[in-house]
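Presented sequentially are two complexes of subunit A, the first with subunit B as partner and the second with subunit C.
Now for the complex of A and B:
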């Protein structure tokens, strides 16, 4: 079948922080760059990042990259690769100051330097005391970053394909990636965007969970594309959760609510945190609170008709305190939980918000060909949340997500520039069947007269992940989860969409997104079931401790055969001594 | 019809809160909008996510021309 082909030096899939940062590097090197995005670039999910970006600028007090590196390694529960972490922490000052020069409106000190504030897990002198390391633009850091990078890209003549969805990678016999098959939503037209370099920057995939803070667009499209093209997915069992998202909606309720005296109740009205953490109770750390909530629900003491959530009570604080100290909470509770917290408790559940795993890359953004050795997939790169470098390991340090996308967005861009210059490569010949598999997938959707509902299969997928592979994981439940998820995957092969139109067919897009979510969900469930220890965000009831002797290794999941392989963590930094594993206590 | 589909897609945002509110609005309110209100809604969708959210959450003053639509969005 004839299909239009357009050629570029590089195609970037995704226009959030990492995609824009990478594209800028490419466009400024005068490469022909196409950036594809499902939504307008400044509406990417990076906009939701509020906390800031870390860099040991030392503008407020003494700080250095080695302390930042220690905090990141410790935060990762020693699963992060120490060479990549050293690289990121050393580059932090450069990328933040560069962003300032691009026009990023950082908050400032009186002396004009960038203002820095303390943040959980940031310390000086290897854990001694809190340090001010987070740079922010009020509570709009992600928004400001996206706008700054977008404007800069426009100036550099980056070509944007807005409201385009990439569907599949194109690989030839040798395994090289030669571009993507993509769809323009406005027309439904499918096109080949051929490129010497293809960079995936599709962000997170938190929509695999029923309770997720992620926007609807976060469906792991890059991970689905990679998995279908035979690329492994790394460390997919590691997802960060926040204890209090509104049940059924995902919108976050700030930890400040418990800080001001709010507390959690089970269905019997019992303040259960008194049992799990007798001294600090509801102010215990995130993982302790999340684990307690999950245990209450698992043991049948959840509230609501399905006994599936916990109640956050704050009415005893009184309307005055709530309005004054917790601005916005009443509005959020009314709009998304349909309760007025001055009178009733807010239904909450542990809620997924960040994916530590992803497409395996080295620190230059080159995608790894497999778990074994350093071989790469030629022509394929990944950066940002969709990639696993791995700098976050088993648990991400706050404000390191924005740093990750700046450092590795730039580094992968630089690597593409080097690769295209040194090879002076021409476009390779596309395989004859370059788009066949994608067209078959679409054709099946377009011709099916019956089959599975996208909404129902999607809901089942999210429910299964939440129930069987949530913040606290139980052995029997994981085994059952693997079985159920394989069933969901089979159902997803028979999706049926009633609307057969081509123009902005959201139902069809959602079917394609669901196919990507399935890869993310299956890899997460299978990887979590296999890892018999608790480390960072992966928390198992049957293996409560970290097991460095057997599990200091990265998981690699392959779609083919639904199989797992492992790769040792790199404990050797680039220039400094290794941080040896210690118990992670704060 | 195609235009409504375009609007439906453009209600996909960077913030979950807006995804939720705009989708409720689509289901309950969109059909009842006049041609003029529809045009204003299209302009509203071009606004930045954080601004939209601040208006709906009553944290920033709403520009007059959006009063009606933001009012409806607060109610859904």
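Now for the complex of A and C:
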């Protein structure tokens, strides 16, 4: 079948923080780059990040990258790769200062430097006390960052393909990636965008859970594309439940609220985090706080008439601090919780927020060919939430996600520039059947006259994840979850959409997104069922402890055969001594 | 909930029409966006944009009972039924509630929306006092939803020549930034009977902005600077 092909040096899929940061590197190197995005770039989900981006600038008190590295390793529950973590923490100041030079409207201290606030799990002197490391623009840091990066790309004349959805990767016999098959949403036209380098920056997939802080667009498209192309997905059992999503609505309330001095209360008005994390209390790691909250609720100390949530108190900060540092939170609380936090606490519950796992990469954004050794997939790169470097391991620290996308967005962009310069590679010949599988998928949707409803299968997928793979995980329930998810996957092969139009067919887009969500959900359930220990965000009732002897390893899930393999954690940093695993106390 | 929704699909419709729906809501459906998602589950041919569902991405701007707003932060309890929903006025409709925003973004891009500072980059951050930083409040929070520009009669008449409230708010965001060095060029760029001076302070923009921003005030400040520059 004839299909239009366009050629670029590089294609970036996704225009959130990491995609834009990478694209900037490529555009400024005068490469021919196409940046695809399902939404106008400033609508990407980076826009919703609130509290800050971490960097040991030490603007208010002593800090250094080694403390940051220790906190990140400990926060990851020792599953993070220490070479990548060292790399990220050492690069933090450079990329944050660079962002300031790009025009980022950070809040300021009296001396004119960037304002920094405390955040969960970030400490001085290797866990001694909370440290001010989160560089913030009020509680709209992600919004300010995404707009700044977009603006900088406008300056660089980056070429955007807005409201284009990438559908599949193109791989040849040798396994090299040669670009993507993509669809222009406005016209429904399908095209091949051929590229010497393809960079996935598609963000998270938090929409696999019923209760999620994530935007509707967070459907793991890059992960679905990778899985279908035979690339493994790493550490998919590790999903972060953010302690403070608005009860019932899921909308995020930043950890910055606790950074500014807010705290959590149970129904008795007890500041219960003092029992779970005596040193840093409400500023412990997110997995620790979420588990504490879920325990309080489980044991009957939840607030409200159904005893089903926890209260986040911040009225004692005063209207001035709230309006200056947390204005967006006040707006959200009023709209989505019907409370004014200047007067009343906000009802919150742990809510799915972030995917620690993803497409396996090295610290230059190159995608790993498998669990074994360091071989890479030529032509394929990934950065940001869709990638697993792994710097977050089993639990990400707040503010490290915005840092991740800056550091690895830039690093992967630089790697692409290097690869394209040194290799002087020409475009390879496309396989004859490059788009066939994609066109078959589309054709099935276009011709089906009956089948499963996208809304219903999607709801079943999200219910199953919520019920069987939440904050606390149980062996029987996980086994049942695997069975149910396989059923969901089968139903998703028979999707039916009534809308057969070419023009802006959002029903078709949602069906294609659901296929990607299925890959993410299946890999999560299978990986979680197999990991027989509790580490970071993965908590098993039958294996309540961390098992370093047997499980200090990354999970690699392959779609083909629904198969799992493992790869040892890299404990060796680049230049410093390893942080040896020890009990994790906050 | 009763909804009367603008429908137009160029693939099948000769012209636009309004379609009525009766949608059963759950108690957890608090916002208009929740109702639209229920509607789509019943009729998947209904097309609209949405993403963050919390009022920060700017995707789901539409005209709701005659007033522009974001569906995700518009409470259903506050709406008179039937709720009449139309695409943002003044922009070409692609399909249903989805409008072509090219003209809107073209105007945004026309104000050189990035900080210009050609001095050598210092090792650390460029310093800015908290007071100077405060000047950016009420400006940088814009989410580019286009509620303001598409409620502005001047923008309806001259979308190709008048920058519009959103673009002008952003123009002032960079003028107001002490790190930016291109104020003169920025003022030159706007000193034009259409680009800036088509604003007649009708203030629809202020009335509809879902983030509570005030483009009219920013436009007034640009006009003040132009006056000051001449005297």
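Simple rule for what comes next: the second predicted complex is superposed on the first by the 480 of 586 C-alpha atoms of A that agree within 3 Å, B and C clash if a C-alpha of one lies under 4 Å from a C-alpha of the other, contacts with A are read in each partner's own complex, and residues count from 1 in each chain.
Here is the rule we use: contacts are C-beta pairs under 8 Å (C-beta built on N, C-alpha and C of every residue); 3 or more make two chains touch, one makes a residue touch a chain.
The shown structure was predicted, so the numbers you read here are calculated from the model rather than taken from an experiment.
When both complexes are overlaid on subunit A, subunit B and subunit C end up clashing with each other. When the two structures are aligned on the shared chain, A:105 is found in touch with subunit C, with no touch to subunit B. By the touch criterion stated above, A:186 is placed in contact with subunit B and with subunit C alike. When both complexes are overlaid on chain A, the residue A:47 reaches subunit B and subunit C alike. Once the two complexes are laid over each other on the shared chain, residue contacts for A:455 go to subunit C alone; subunit B is not touched. In the superposition on chain A, contact of A:152 is made with subunit C only, not with subunit B. Between subunit B and subunit C, it is C that contacts the larger number of residues in subunit A. In the superposition on chain A, contact of A:335 is made with both subunit B and subunit C.
Overlay on chain A, subunit C versus subunit B, candidates 169-177, 205-213 or 223-231: the clashing stretch is 205-213. For the contact definition in use here, the residues of subunit A common to its subunit B contact set and its subunit C contact set are 39, 42-45, 47-48, 140, 143, 147, 186, 215-217, 249, 251, 328, 331-332, 335-336, 501, 503-506.
The residues of subunit B lying in touch with subunit A in their complex are 2, 5-6, 8-10, 12-21, 48-50, 56-59, 74. Those residues of subunit C that touch subunit A in the shared complex are 9-12, 28, 30, 40-41, 43-45, 47-59, 73, 75, 94-96, 98, 101, 105, 109, 112-115, 117, 121, 123-130, 132-133, 136, 140-141, 143-144, 174, 177, 179-180. Of all residues in subunit A, only 38-39, 42-48, 140, 143, 147, 163, 185-186, 212-217, 249-251, 327-328, 331-332, 335-336, 501, 503-506, 509 touch subunit B in the complex they form. Those residues of subunit A whose C-beta lies close enough to touch subunit C in the complex are 39-40, 42-45, 47-48, 97, 100-103, 105-114, 137, 140, 143-144, 147, 151-152, 154-155, 186, 215-217, 248-249, 251-252, 328, 331-332, 335-336, 453-455, 497-499, 501-507, 510.
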